[in-house]
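In this document, chain identifiers A, B and C correspond to the written order of the chains, with residue numbering beginning at 1 in each.
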């Protein structure tokens, strides 16, 4: 698990954010079996900010995001070189349990994925998991309020989470993820399955969430990144070796990435020349 | 027809082909014949079912009363009597079979579907389950005879064990299938919240797959209730109510088998009544399987 | 156990904590139990083979392969041979396969190829499924009191007029091969029909469209396109049906007459391996039990071989007709 700073430096200048780094992610190589999916990507996640991951499809941005809370462990052929440090501790360390990592680093997925339980039970799921002893009703209500869905569901908390519309389901999933107040929230294209109105609601929600959480957001939509992300990491695809290997092209403050990109590739991408 | 422009066709052929339906053309006649044959075969194929149902209702229904359901089997020339002990025996032995096979089957399915679906062990176990479902049911009886009856004699326990051997592969395959239907995005969500694998299984996979699992379990129970071959020489038969698990025990199916060969009308009437009860039990579990198979949400 | 020091750095408000010791113990225990249960399944098969094989071993040593070619079953003289039973098993199952196969596949065509409206098809499918739910022993009873009396006039006529054909060489005195095979056919019909229906359903709609687009009649489409495309699935249905017929016990024990003879006649009583086991086990002494265990092994081997052959043929047709590897 050697970090390879030289290799990274050759592609992009390492970005160092101004504030505290919550997750120091430095992936020099990520493999699925023999397939090199991602290389040379150093993505620091800053505390209390929204870090956006953009790039064309297949560039490995979701892979990087999923390696931040060890969701990739569920794929048996996944392996990587480099390190991911959470508050300075290697989350892939030998003694670290991925289950514990995921309790502090929550995740919202691309497809809304409520459990086939009632709305209330969905939100209370994480609280029960962590043996929360306080006022459950109040916590559930607060999470639903913050996910901007309380008004719509307060009279039907006993209904199935699956009975809601797609946008509501996704907000329910966000409520479920934030009910336990995790430290970091990873969001993997949370709006890709939603219509524009639901998307706008979720985006407003993200801006509120960053008051209390650190958020890492994968998005396919550049406008979304400009609207919500403080920092943006742009990933590209390298097809020179025959495969499709994603890598970090450039990372910086969002405005700088979109208005004054340093790399030619970033310029072309934000100008909409390819996607 | 005259509206259609067939000039292209007409250039090549001297006469315009008729587009009308022609019933006497060979291929049309062949079609008609085969269709008639199919209807006949389908009708013939359903006659046995209606005949069986008719007999059960007419012959069995005539004799089905409280006495038949509770009394002990009659001896040779006796009138009256019933099959209460056989009814209880069937329920007890199916119960034993379920108590053994359902938990083991579901846990094995958890391993096959969630914990190690691609492991060598899972592949072997899956193959074994499929092989076991193809085995003749009487072999479950032969096996139980070898491990239990030779040492401890005929008993309700041996009967239950032989039914468990039959039910186990059905439960495993159905439960595995049901758990595989749980969408991955749901298990992802659970892992993403920091669930241990056991928590993912107990809190998300099993509850979500429950309808499917229950369907499989109910079908296994229905099959076991109607099964007789393995009971023949594991539980044997008894003319009395069951009082302990380690003694020979009556069952409905063996009672039907025994009575069917007797030269007395009374016994044959009882055999039909017992058949009706047995079919109803099997049917109830089949219907339960369908009702429970509907997802809760 | 994972360390708890993640908590020190996380924001103060978090409710998250690592799983408790109890959670970890539950996790390990549960996974171990599930693993054990999956292994138990494999052990069960091994144990079945071991027990039946072990108990059959003395008889195997005593009788050798003569057991398979022998034609007498005489407990008092210690003579055991199961050739008539093997013959009866294969003959009755084959007859049942022919009848049940034709009916089953035809009914599957009937259900899938637009002969019925959706609602009627659903009703008819329920009828076939109900047929599968009726216990074997009830079919046996039905066979004795409905089928045999029904068959007797026809059998007598056939024997009288066509008695020179070996198939009709004897009179139907009561139980015999014909009623047994017919009931067997009824019992395998639902299996064959259900799996064949699946095979037809798996054919993509575009295949049917292509056939009709070429101007075929419905029956030309069925016979020339649908049947070959579904062939591997139909074959699987037939093999599974045959396997079920081989192992079916109670209805046969009640209907076949349990007579230790080899005859081509449809109306002669015969015996099968499974009904031999069923009728002799309850009163068998130690030596006969060993012979019966040997007979059970023979039945097991036959079922196994049929399944393996079926799988091989199925894969062959799959390559031939569906272009799959």
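By definition in this document, a residue touches a chain if its C-beta (ideal position, glycine included) is under 8 Å from a C-beta of that chain, and two chains touch if they have at least 3 such contacts.
Since this is a predicted model, take the numbers as computed values, not measurements.
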item	value
Chain nearest the global centroid, as defined over all protein CA atoms shown	B
Farthest chain (mean CA position) relative to chain C	A
Between chain B and chain C, centroid-to-centroid distance (C-alpha), Å	13
Where chain A and chain C are represented by their mean Cα positions, the distance between them in whole Å	53
Chain A and chain B, separation of their C-alpha mean positions in angstrom	48
Residue numbers of chain A (touch at least two other chains)	99-101, 103-104, 126, 180
Per-residue overlap in chain B, given as positions that touch at least 2 other chains	194, 196, 199
Contacts with two or more other chains, residues of chain C listed in rising order	16, 19
Chain B residues touching chain C - in the complex, by the definition given at the top	27-28, 30-31, 34-35, 37-39, 41-42, 44-46, 48-49, 51-52, 55-56, 104-105, 107-108, 110-112, 115-116, 121-122, 124-125, 128-129, 131-132, 134-139, 141-143, 145-147, 150, 165, 168-169, 172, 194, 196-199, 201-202, 222, 225-229, 232-233, 236, 253, 256-257, 260-261, 268, 271-272, 275, 278-279, 282-283, 286
Sites on chain A touched by chain C in the complex	86-89, 95-97, 99-101, 103-104, 126-127, 130-132, 139, 179-183, 212
Residue ranges of chain A in contact with chain B within the complex	69, 71, 74, 76, 99-104, 106-107, 109, 111, 113-117, 125-126, 129, 160-163, 173, 176-177, 180
Footprint of chain B on chain C - complex, ascending	16, 19, 23-24, 26-27, 30-31, 33-42, 44-45, 47-48, 51-52, 54-55, 102-103, 106-107, 109-110, 115, 124, 127-131, 133-142, 144-146, 186, 189, 217-220, 240, 243, 246-250, 253-254, 274, 277-278, 281-282, 289, 292-293, 296, 299-300, 303-304, 307
Residues of chain B defined as touching chain A within the complex	118, 183, 185-186, 188-196, 199, 203-204, 207-208, 295-297
